[in-house]
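Shared between the two complexes below is chain A, which has chain B as its partner in the first and chain C in the second.
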Partner chain A sequence: MFDTSLTLRDLMFLAEGAGVTILVTAISVVIGTLLGILFGVIRTQLGPVLSAPLTFVLDIFRSVPLLIQLVLGNAFVGMVLQIQISGFTVACMVLSLYTSAYCAEIVRGGIEAVPETTRRAARSLGMTWGQDMRYIVMPLATRVALPSWIGLALGVMKDSALVYVVQVTELLKSTQILITRLQEPLFLLLICGAFYFIISFPLARFGGYLERRWSND
Partner chain B sequence: MFDYTFQWGQAMARLPRMLDGAVVTMQIAVLSMALGIALAILLTVLRLSGSRPLMAVATTWVEIARNTPALFQIYMAHFGVASFGLYLSPFASILVGITFNNAGYLTENFRGALKAIPDTQSRAGRSLGMSQIQAFRYIVMPQMLRISFLPMTNQMVWAILMTSLGVTVGMNSDLYGVTQDLNALTFRTFELFAIAAVIFYVITKTITLGGRLIASRLFRY
Partner chain C sequence: MIDIQNVRKSFGDLEVLKGIDLTVERGEVVTVIGGSGSGKSTLLTCINGLEPINGGKITIDGTEVHARSTDLNKLRTKVGIVFQQFNAFPHLTVMENVTLAPRKVLGMGRAEAEAIAEKQLRHVGLADKLSTYPSRLSGGQQQRMAIARALAMSPGYMLFDEVTSALDPQLVGEVLETLKMLAEEGMTMILVTHEMSFARDVSDRVAFFHKGVMAEIGAPDQLFGAPRHPETQAFLSKVR
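Now for the complex of A and B:
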């Protein structure tokens, strides 16, 4: 195991894969969060009955394996619509929607954690709905939502390992390519696992710290 | 632009085979969940044991399970373990991988549940003459499992979704594996995977709603 034929070039190849993982995650989390905030606000504004169709669609993204979502997304774009776009774009689109489905739930939880009386107080002070949202709800809801949001972002990074299915060579796929060539599965997998762990662990700890610090009791 | 003709009939004709796959998927999920709960209880006991090496084992397990992709864990169970000369079948590797993941997440759930159980309860048990183990077994654990029942149904849903990763280690009898084989046979990618998605949706919804129903029946007080 210590006698490895891993060269610097191979290591660069892995680093490239890691870069793709981070890029896909970053794009998906940013777009997914924006969509998620939009969906979350719409859901709380419309109430459970009117927003039922949106809830149902978002529910699908949380109830179907991501692998199938990616395959379906790819097949839909490529075979049904017959548009030529890269696997990378498909991966980002599907992951963004996937993220938004979870994010909407987090945002809704955050908004609902703001006491109704506080919001009414804001409105009776003459604030508009927008001002109430901006100056009262947002700061309070962020405290509730941010720890879970960090968890979600890390979850998306881990789930991005599945985008190999639409021909995107991210970290785990590039590890697998190297395994096929070098035949050193354990060593290479440990490098790959260490990379995920090094990114995920400190952020997860930070999320846990915020959760403890910001909890009301 | 929109000149694709859907062939639902061809895909629907394969439905029985896909439902067989769904049964295998459920078997993996139920088995991995049962083993995961047992291991998570063990890890919780290790965490409470007060012995540093044992706590370190539990913490390492939980942190690795929670901070690396499930796909990585399944690869590890299949390709990584093979480096030690231990060759697991696809079924065994997916089971080991998902069980490892479940145990990690469930231990964390149990930790949250333990916080909700006042320390006075196990002390009361101890003063009634129970041993430390008895107090945990008869007083703390039942409550812990009850409090974490709904998180457990969530984890069960995750286990179902994770079974789809088995295909990466050569599993072809679960729902995703069957669908992929049929896809190679018929090339009706969209139709077949759409049906698989519906089956997955029905399974996970049944678990979520069933879990809520059971919880409202059992834990009314």
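Now for the complex of A and C:
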């Protein structure tokens, strides 16, 4: 009734692809989040007029399809900058910027959700701008921003499937390679989906855990 | 001593303070009354430099608040302010709310800061709430915590901006009791309030603000008993 030619070795091949997916996602989410915090803080500090150029650039990264960004990014690095770097590095760079553009908005929203009066109270106690940011604004903004940020991280993980266009063999590309060879598309996609689920589930649960813990405050 | 000289302040085209002169000596309790929009709350936020001014000057113990060379963060450790909204830091416990600034701004060690915080919190009647989060406190308790938080910096002066206005009526008393206690201990205070009988009770002097001008200032018995300025008379007849 159920017959497959999938071997343990094929499964390891898929797991390797999943490893690449995790690596690309982790690197891009970490760098993208750090950049996103920087861009988000700059935007709230400078106000809409002064930060307009930055906003414009970030809007480009948010509105052009990732696939196009990857292809153009790869071409830019190779043909304009004329430097030899791996597709993996290009993928991480593009995906990091893509993540930072979304993250900047999330950070801005979180910071703006902290009431001005609370910040005034902090400053009135003699805290510097930096102390207010570190001890009051960022902890509160994080609570507001966390659900969106988890959503972003999960989205980036799934979007990372597109990095195959710069010759990176991640989970979905590995699956397609096997499909071509084994001709069992439904079964292989099911396994591929299971891998994606196993990767995202802990992150989603962790987010839920933090939300519950913070709601007790 | 807080010395306010001819202070002017505008928000856009609207001039909210039209040349205020007021000197508050050490140990003195001055309350400011007046209708909404009279500029009384703005004056308090100008005193500790949260708002810039457009003219005149404010000097605290010889330091000019709005001078370029003034370190406002340092100055603010000497001038505590409590606002109408309680402004608790919601992610921190009561104890952490009170110890944060002494530790990070004054550089105190944890043990020392906690000893001071505990003393101040006992003072305002919150000794049993040390590890509680603000969301579990009533408005009156949150406001008393905010008072303890300001006192933990050992300020020389305290400013209170309508601290009972956002409270349910049955919670006003406990906060006023705390303020009264501070006044009796000799804390130098400027209070903006709508609680007339309280103002009469605790003040050394009462100032009446009207449309950005200090229309009248005097001892509470005089100002409430025999107001001289027609606007003061009109205001008091309305609030009574």
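Just so it is clear, the second predicted complex is superposed on the first by the 199 of 217 C-alpha atoms of A that agree within 3 Å, B and C clash if a C-alpha of one lies under 4 Å from a C-alpha of the other, contacts with A are read in each partner's own complex, and residues count from 1 in each chain.
The rule is simple: a residue touches a chain if its C-beta (ideal position, glycine included) is under 8 Å from a C-beta of that chain, and two chains touch if they have at least 3 such contacts.
Treat the numbers as computed from the prediction; the structure is a model and nothing was measured.
When the two complexes are overlaid on their common chain A, residue A:G126 makes contact with chain C while staying clear of chain B. In the superposition on chain A, A:P65 makes contact with chain B only, not with chain C. Of the two partner chains, chain C is the only one that A:T117 touches; chain B does not reach it.
Contacts of A:R143 after superposition: chain C is touched, whereas chain B is not reached. Measured by the number of chain A residues touched, the leading partner among chain B and chain C is B. Look at A:Y135: by the touch rule set out above, it reaches chain C but stays clear of chain B. When both complexes are overlaid on chain A, the residue A:A52 reaches neither chain B nor chain C. The touching residues of chain C, when paired with chain A in their complex, are 48, 50, 73-74, 76-77, 80-81, 83, 85, 87, 89-91, 100-101, 104-106, 133, 135, 146, 149-150, 153. Against chain B, in their complex, chain A makes its touches with residues 1, 60, 63-69, 71-72, 75-76, 79-82, 154, 158-159, 161-162, 172, 176, 179, 184-186, 189-190, 192-193, 196-197, 200-201, 204. Remark: chain B residues 1-4, 63-64, 66-72, 75-76, 79-80, 82-84, 157, 161-165, 167, 176, 179, 189-190, 193-194, 196-197, 200-201, 204-205 touch chain A in the complex.
Residues 115, 117-118, 120-128, 131, 135-136, 139-140, 143, 214, 216-217 of chain A are the ones touching chain C in the complex.
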